[in-house]
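Alright, structures below, take your time with them.
What follows is chain A paired twice: with chain B in the first complex and chain C in the second.
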Partner chain A sequence: MIRLRPEWRRIFEARERDLDARRCFNCGTCTTLCPLGLKVLPREIFRYALLGAEEKLRENREAVYACLLCRLCEVNCPQGVKITEVIRLLRVYLAEEDLEVRP
Partner chain B sequence: MKEPRLGVFICHCGGNISDVVDVEKVRQAVEGAPGVKVAQTHMFTCSEAAQQEMIRLIREHDLNGLVIASCSPRLHQETFRQMARRAGLNPYRYVQVNIREQCSWAHPHHPGEATRKAVALVKGGIARALRARSLEPIVIKTRPEAMVIGAGIAGLEAALGLSRMGIKVHLVEKEDRPGGLLRDRGPIFPTDQKGRELVEHLWREIHRDANIRTYFRSHLCGKEGVVGDFRLKICRDGEEKEIRAGAIVVATGARPHTPQPGEWGYGSEGVCTLYEFLLHLAEHPEEKPLFYRGRRVRRLVYVYCVGSREPAGEKARTYCSRYCCTAALYTACLVHSRWPEVTQVHLYRDIRSYGKYEKYYRRALGYGSVFVRYSPQSPPEIHPGGRLRVRVRDLLTAKQEIELEADLVCLVTGLEPVHSPELLEHLKLPVGKEGFFQEVHPKLRPVETMADGVFICGCAQGPRTAEESAASGLAAAAKVGALLLAGEVKREPLVAEVIEERCDGCGECVAACPYGALELSGDRVRVRESLCKGEGACVPVCPQEALQVRGYEHETIKALIDSLAEGLADA
Partner chain C sequence: MAEIRSRLALLSQNLRYRAHVFPLPVKSLVSWAEGLGLARGGKTILYTGHLYQLLPYLRVLREREQGFVRGRDWLSRLAPVLNPWINVSRLAILGREERRLQEYYTGVLRRVVKLLRKCGVEPGYLYEKEYYPGTLAYDLGLEGVFELQARRVVRAFREAGVRTIITVDPHSTALLREVYPQLFPDWDFEVRSYLEILFQESRHLSLRGEEGVYLWHDSCVYVRYLRMVEEPREILKRAGMEIREPRFSREITRCCGGPAETLFPEKAGELARARMEELSALGPGTVITLCPICHFNLMAVSGPDQRVEDFVRVLRLEE
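Let's look at the complex of A and B:
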């Protein structure tokens, strides 16, 4: 069960500008094209981020770091989501948490 | 009677008929038969060339009867009647025999039998044509006056459209104000104009218009007469008033589905329908922060498809209500722009913001609306209480269960039919399986009904947007205009007639007619031709065989049966 906190989406609040993952309409093109073939990358990860499911995001940190940033998905995304930007953002988010540097 | 001179034409229909039926054999079987002057085959009888040839032959041989053996009369009866008229032959002296649907298509593997059947049917057609009479359509004078029932956007547009054509309008509304579903509404898609203002705008025009009379708190309570000249009754506070009108437009709309208390958490605090929420927003457009009935709203969850697209079952609303995806997305955009701090989550099945309305979906995504797709097998559970909890299985993350808290759950409910028993009773309007009034054909005759002179439009026909409701209101007005401004309506003369010397005035038939077309006058029965639909319920009832339907006279039918029986005996 994914329990969503009242502060949904707060993950990105400070970086609203970059969160174009929310334009994602879940077509799955990216996941099909991704050479890594991980089920959650990148579409499902974005969903967790959008839903504010922080635990799920942490559970899937390996996938977030596994991304090659090759942009194969990005150039094919019909919604023009800047997928690798979002991945970077998620890495920053996870790293901040690891280093306990989040304000 | 003049000596019969028939022309018989048999069609190949490309190969649709002739690949199975030996059309030449059929021709030979009837050539030279008593009364038959010309017998020919044609590749495509309906082609202009073939029609020209038949017209020439009709004139040249002074033919006084015509049999065409081809497709179903549904397809080409009118074509050939018009051809007969062009040739100077009364169209009712033309008989169509169907040897395509009834022979070649029905018996593709039995060409011999199909051919024999075709011969028998054509001989039957000849038997009818030998007895056919010249008839003229029944002409009814129309009055340039119409009744519009329902003053929602569809009815208002229809009334204005009619008035602009110079037709007098009686607008009948059961409530005490116009506007229907849009009456108390704030901004609506796609124009962002307030529903309330749109209604006021139309109402001002109607109010100024001397051609339109409006009757509030009124409903239809009687209908007599015929298309072109109905005598209608409306009731208001127990008082009746008679109104005469040539046609009727039914624009009685639909109503938003309201769940039973407990269903989808409805009835508990913090759960409302989209319609209720929108009425609230219209009343409190600028309120900051957002409240709904005393609840501060930070987290707003929409549940789509409530009361629509239900799994099959008795009384299930299996249809998609069409307006609601777009209306919910539009509402979300409105909330995002006025109250950006509110988080909005959409629990949906499919997003059907079709056509131009796709932009509201994209816009809502852009604003940060979150979409969670649920399956009808595991609909969202809504747990009321001080903190509303919603549980849903998200199809987009492989059906993982998500639990979220909400301040307001907005049920995006569909539209359902309004029940107007008086319209069913007096107008005999056909109702489709969803419970909405049904048009004759969704594309070819989209606002006409099986009831002559009665048109439908707007949500009374089925769920749709205001834009579509208005367009169909204007379409209905155009149809009424075409009907009434012509000054007269022509009807098929194939109606019942009384064989005077046989009728003894027993009156048995009067009750048999479902259209009230028969009346006793003196010691005879009389047919009110404009009411008769020619369906013949009266014919078998008469003990004297004094009633018959034109074109299907006793003698004609007997001759037809004899001829068919003979044809089968030969085979």
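Let's look at the complex of A and C:
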């Protein structure tokens, strides 16, 4: 069972306003193009983030850090989602919460 | 996961306490400019972003890690504990291969200066006051230390009276153009890539290239972040050089794997090998790269009969 943490989602949404992962309509272009070939990248990860499924995000932490930020997915996204910025934002939260590397 | 945590902790500590992602003696960062007579500071400066200087040291770390595969986990746990007191980056000593690489990258930077001078641009340089732009911290989500570092960079620009910043690599260019202006509301610096200057001026220059067959590798950041696709191609065309391009080129270029190098070196190697295979399928020739990370990563997987050259190393200026 996936446990959701709405407060975590709200934190994400507050920062994610301009990045708009919600526009993703799950077409899979990004996952098909991803040079890493990881099926969770990036759309599945985005679903977890939008739901506030914190544990699932933590489980897939390595995939979040593995993203190359190469933007091959982003320039081909039919919905124009700023994918690499969303991934980077997820890293900010993982780094702050898990790794305790706050300034 | 412990490795990711340790590496992020090291990066964070290094930037916070030593103002550098991988603190090295100042000489390693500035010695490339010896004898060039670059003025200290000035309105227009060349900003290296330290990338070319860092890569030989990254190779040392990679080699060391491959040698300590079994003990890697405890070593990586220990490093961040020691690092606040002992600069563990200083433990990286260059071997013969790394020194050769360092000479090569020194040659790249010196050639950029030479090309700029031919274009009528005389840049200054910040020497020991030049700071790493924080690219890796930004990309990995270490936002706090990235902002701390960015403030150092901008302060150094302001103190030196800089107005125009000439960059030599796509990562620093993209960061200074896309991210810094969002962070600093009073950002009023002009950021120009040396490629843009060369593109603008090269029609008036007598450029030529080394003879040969060239296989082209686009950098993800140049083409997809900075939309710089035609400029380098046009420069080579003016120099009378022809290139062969793989199917995945221009806006759909494939990544060299370099961004995975810090946390997932094995994955980086896999991607680099796949890209080299695509390039080699074009036939024998010299691979040209525009980004130091692409050069470093593709060269690392190239065979003895394959050459990988930085863009400026295949250009010649007729005297």
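Note that the second predicted complex is superposed on the first by the 88 of 103 C-alpha atoms of A that agree within 3 Å, B and C clash if a C-alpha of one lies under 4 Å from a C-alpha of the other, contacts with A are read in each partner's own complex, and residues count from 1 in each chain.
What we mean here is this: contacts are C-beta pairs under 8 Å (C-beta built on N, C-alpha and C of every residue); 3 or more make two chains touch, one makes a residue touch a chain.
Only a predicted model underlies this, so the values are computations on that prediction, with no experimental measurement involved.
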item: Combined model on chain A where chain B meets chain C, clash or fit; value: fit
item: Contacts of A:4 with chain B and chain C, given as first, second, both or neither; value: first
item: Chain B versus chain C, judged by how many residues of chain A each one touches; value: C
item: First, second, both or neither for A:27, with chain B first and chain C second; value: neither
item: Spatial angle chain C-chain A-chain B, Cα centroids [nearest 10 degrees]; value: 130
item: Partner chain in contact with A:50 - chain B first, chain C second, else both or neither; value: first
item: Per-pair minimum CA distance [chain C against chain B, superposed on A] in Å; value: 23
item: Complex interface listing, chain B residues touching chain A; value: 298-299, 343, 345, 361-362, 365-366, 368-373, 394, 396-398, 400-405
item: Residue ranges of chain C touching chain A (in the complex, touch as defined); value: 1, 4-5, 8-9, 12, 16, 138-145, 147-148, 220, 224-225, 251-252, 254-255, 257, 259-260, 263-264, 267, 271, 274
item: Interface residues, chain A side, partner chain C - complex; value: 35-36, 61-62, 65-66, 68-72, 74-76, 88-96, 98-99, 101-103
item: Residues of chain A touching chain B in the complex; value: 1-4, 6, 8-9, 19, 22-26, 44, 47-48, 50-51, 53
